[in-house]
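Shared chain: chain A. Partners: chain B in the first complex, chain C in the second.
Entry: the complex of A and B
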């Protein structure tokens, strides 16, 4: 699809920004002056809003993390510890997060509908929209579409994950494939970001100058849209190549690595911070193997600190850098785990009542909300569905989630389920 | 039984009538290509049009559109030196007769019809053979589509049923409506279309009722799978999610009359007993009726969609665009022209090559993609200027191979099942150093990089940073830019003068002669880099391969 024809302005923003930069570099003050225009000021404001989604695939146990309930008949062997908020306790496996509880919100009454991994993961990451006969985009692609890139020369949606990388367009659902995720497999940049052996930076610049020269003639007297978009893709490619170190987890500061943890999730959350600092709009970090059907307690003892440590480090770093107020951090799974401990000392899938953590952009600091039944098995009062979470996310990002609609083949489609509402209790 | 356009005697009479009257110009006053130009001009009035494209541009365009590749340097020089006044139409005619046309259009139509999905039991190769054989000679589009829907073939003839995939009733319904009628009825599965009044839920279910008895069955002896039809005894039931009223329909084409489902005496329903794993064959086979009625000359929706899609392949956008939104809320840019193309296409027995030829003979097709003088921007829908089309992934691979002179590098696909397979994933992950050697593996890499995800229609040009990074830095591309006996870099190295290098470079990569200014900057670059001439030549080839001019069929 031609980016200039889309109903949202992401594609256009790429062009506008690239041209503006060009004007800026050629025309000195002309570029600077244009920044004072109110609509551009708004663009800069929007530009700031960024997201980091930490996805613990398989389902972290709420009892062994955000909602310990040591007196419950379903409690495990771990103690609960005090947090920085008087009267609020987390599991002892969350020692780092306990110290920053006053900076985050925790919802302990997520109540969702899908107990299966295969359907639950897409359902949660798509916000469980009503079935309209289409494949909804995942959250990262949605934000990429709705807000565009925060830095026009960086991909709007980067996904750091164990295993394979590449460009994953299926996350874009019915949106244009280009809203898919640039996936950094094992934290490595895409293979084509590297200059081929024997091509120096100087040589690369020289041959790109030749390429641009060849394009100049072709562009003369032509309608520009597609050709322009093609050139822009090269501008972006070169920008990625120039900044490839931010896509490579091997280039991370060793001291930071110590603080975030040497395990993959620690490295990847640290890399996410680096990408957010660079100006990537949406970063998703995946960690797998949280499905603790057997031996839940030993597994949690090993796994939960791997989420706790980098999560707390990220919140602190973003806060220190003044980024937390415009960067939303969400850590969640597709569901929680059963109160009942099974015969293999495991906990099974439990969507009825579970916990997630949010922080940053438009989110209250220190709102630990949600009342459950005594043993934590069920919601007492209002439970929150993932649709409510999506409304919350969109609204803190400045998107009016009940008004903004996707347009798809003549259909207007809600960006978040119309039956749901933003969760005011955690919103500023 | 009231079948609307049954291909019985009525169809035959009409066919004879049509054949007889061609000579009398009943269908068009003038050749179709003149009518095309007339209607395009009539819409905009007295405004400047882009001039006719020069010979080199024309040759490249027609080569890409008919053979799926850029011309060789030799073909360019021969064509440029050809003084014949009829050389353009001669070229079109020669290409239309060739095997390359059948190969390329088979690939093109396959991508359009299957959208790169590989469903069902028919091997993709069998399906491609079916398309290629149909396209060689005098392909009739209605015949081809009839075979795809009928899909009753035995043995080799089953190949056409690939279009119906694995007989998923909803997917078949959606594909038939979207790809063959230009109607994306997906949302009409659950309710009438919210904004398009004439798209009804009953249209979806009417089509569904032709297809809902179809299933896969395997013949035991040969182990081959076929699509068979079960016994239809009653209408399908559906209800709108909005008003929850139950409705029913028998098989019915959008805009057509419902086919009555005949009721047979018990024991009289079948015309052939079950045998060898295949179930009994019912006398009433709605899918066969669909195959005939949908492709009937009188069924305007099919003719319009077919003409619109051929126009799209050649012109880069449909007269009705998007292609599967042919409805009142999205009127065609040139309603009269679309109606004329549909009528003429049907009138000429859906002769595919005839329609392609007529479109290509029009000035509208042959115009330059450079704007007419004095115009800063021209609406693509006006067709005052040709809209450049992005090369398909397969186009791009063939063009890169030909431009860089590396066609000889391709090794035949290893048919030994024991042989180690090329690790495509490892190639993309950078964990695997081996380069692909067969065309299939190369194609898979290009399709994965430049194609849209399977199941999505490849319609609009979509650039992407991953695609540009690939063309810039991929190892295979770098490999092709190293001198090897007879390839472009090797040949450039053997030329004596820089101006000859410039000429060969432009002929091979951009299929034209360099302009003076271009020759000058090429020779300037070469002399600045005289100490590393091989590298400098590689830089120039690289730059042209990555240029917009190469990436588009302009």
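Entry: the complex of A and C
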């Protein structure tokens, strides 16, 4: 049995067809999208869909970002500033995002239950479908599996993160390990994408052919996922050797560096833009140390602008390039921060009512949704759990999240919690 | 009546004034009759101690970040996170007598008044020290040499010098009057920058001069472990004012992990400091400055300021009090029972408790 046919039951032909092959078969029709058969046009649109997840690990404070509520008894000391949407205010620490509020949606009533990092991070990035005793994939791996690579010559899931890089197969959960993330530690390209000077192209090709032959023989009797992961890492390395230019910092416009910010998150989000432009399906950018239990206000004053500046720059750039309509951008954490200010002038973990931002692909522009209690501490009306968010993400990517199922060891597994629904208020 | 003998080892909490919101600054007035305090609720609160009266002044539009009494006149200066300074006739008026609208780009973190009462000096986020006429708030001078936000200011006991301390652990000494920089003192131990931090942590958070002017104590914390919890080792550096050299480094035994936000020298040379801790009990610590560890400490909630009463025998600490909902997540809380944390202005008497009070 071929596991690649059994772990995902969507069965759409599009998943077996590469973008290049499809575009090749449509040669001469470029620019005449309206003449295409609607189903083909739709498939092309799906092929183009990309995602950038900006993950602020530890939890950004909603009061110091998207929902300042200056008259709340829980408010911080910062100004509340006008945004490009009349009547909507963000914290002054989000001055760049305030100018592009009309291009994004903000959900102010996330209500996600889990107040712990160790369980909250995987829950928020896996979508938390009902527990079937399996290790669900992280969102990037899910999208890599469900949509495939946007460009078959690039890895579908790249993760830009501080610290070490490498191929992180555990992101794939129960999916084949090859759906894991290619992590660029500190934004650096993988170390082995440069062919050693002593190895000619011919020799390299012969070496790869031999390796592939050995792999084919080896996997006849063994766990395919492990071999797939191994092969995938080699394939990625070969793909990246051919596309080294996308990691070339020297080609970045200094003005872009300035606009995104010289701090790590700014540099990494700019790199994410490069990768999205190059055709990577899903790019995750991590920033750590947002868990401001101590000195929240001094830290937020310095941290929040580090997220605000590149987020707004990315939205503007994608919009200017005509990419925003097919690229979903999400900026979020595992939870927000407490309304109460603790003894170290920090804010603790608060999953009960907090904010996230989305933009692009299938997301309304300028929708600020969710009603909270007067002081912002609790949801007043409908709160949204991570399952609702995942249904939303999958649906704007063209994936029917209630119909599509993973198949894993005989189980049909939901890709998002069956108890949740897409958040229509933010969807086009 | 003569003052009771100073004995910090016998200190006791002699009075408490409760307030329903968090207050970060609190000071006795020069005549000892008033306490002014400010913090999260944007108001300036004044307790008249003998009459047990209290009034609250409206004027700030965000948290009150700093306050100082004029040493000779019935004036109170208060500042906030939006760069505003108000001057109040605190006994008579309930409106500011004058206002400086843009004393800083953002937060005015420190205010002092020169000993002669002529100048009000402010500093904060924009790293520029501004000198104002204390009579009308007109600007006199700008002192520019710090590169990062300034947390604290102090005037030397002889009234001739100003010191300023910043996030990077740099201390500048300036002469009062001609506003020239004299020298820099090195307190970089109190600043932490690491490759994986998103922001610098720590800084010079507090100053106090010894009564004889020979020592400058500088408070903060060293060896911060992250920019998230911002935990570090509360630390005091004691400088020889004449040489500018560090004579001793002081710490505490307890588990407090925040900076010393306030220090105070007593007339017998004892140094007092208060620090913070997350979700636990902090301490009020007393040192002889030639000993690294406190000679005495009193368990207390996190404290953010210290003020010595003019009688030299009472110490005021705005102390954090939990509202009962601290920690992660709502855990079944509702808008009705999820209450703000609060403050008790705790006054410690620095002498043995009288027998009558002990019985009481």
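Following the convention adopted for this analysis, the second predicted complex is superposed on the first by the 337 of 428 C-alpha atoms of A that agree within 3 Å, B and C clash if a C-alpha of one lies under 4 Å from a C-alpha of the other, contacts with A are read in each partner's own complex, and residues count from 1 in each chain.
Here is the rule we use: a contact is a pair of C-beta atoms (placed from the backbone, for glycine too) under 8 Å apart; a residue touches a chain by one contact, two chains touch by 3 or more.
Just so you know, these numbers come straight off a predicted model, no measurement behind them.
Enquirer: Check whether A:79 is in contact with chain B, with chain C, with both or with neither, and answer first, second, both or neither.
Expert: It touches chain C, and chain B stays clear.
Enquirer: Identify the partner contact of A:257: answer first if only chain B is touched, second if only chain C is, both if each is, neither if none is.
Expert: neither
Enquirer: Applying the document's definition of touch, where does A:402 land relative to chain B and chain C: first, second, both, or neither?
Expert: Neither chain B nor chain C is touched by A:402.
Enquirer: Touch check for A:218: first (chain B), second (chain C), both, or neither?
Expert: first
Enquirer: So, A:243: does it touch chain B (first), chain C (second), both, or neither?
Expert: The answer is neither, since A:243 touches no partner chain.
Enquirer: What does chain A use to touch chain B in their complex?
Expert: Listed in rising order, the residues are 1-2, 132-134, 155, 164-167, 169-170, 176-178, 182, 185, 188, 190-196, 203, 206-208, 210-211, 213-215, 217-223, 226-227, 229-234, 236-237, 240-241, 409-412.
Enquirer: Given the complex with chain C, which residues does chain A contribute to the contact?
Expert: Listed in rising order, the residues of chain A that touch chain C are 58, 70, 73-74, 76-79, 115-116, 162-163, 263-265, 287-295, 298-299, 301-303, 306, 338-346, 348-352, 373, 375, 377-378.
Enquirer: Considering the complex alone, what residue numbers of chain C touch chain A?
Expert: For this pair, the touching residues of chain C are 21-22, 24, 40-41, 62-63, 65, 80-82, 106-107, 125, 196-201, 226-231, 257-258, 276-280, 282, 301-302, 320, 322-323, 325-331, 334-335, 338, 340-341.
Enquirer: Considering only the defined contacts, which chain B positions touch chain A in the complex?
Expert: 184, 186-187, 189-190, 193-196, 322, 324-325, 329-330, 369-371, 377-378, 380, 385, 387-388, 390, 425, 428-430, 452-453, 456, 460-470, 472-475, 478, 515, 517-518, 521, 525, 535, 539-540, 542-544, 546-549, 551-552, 554
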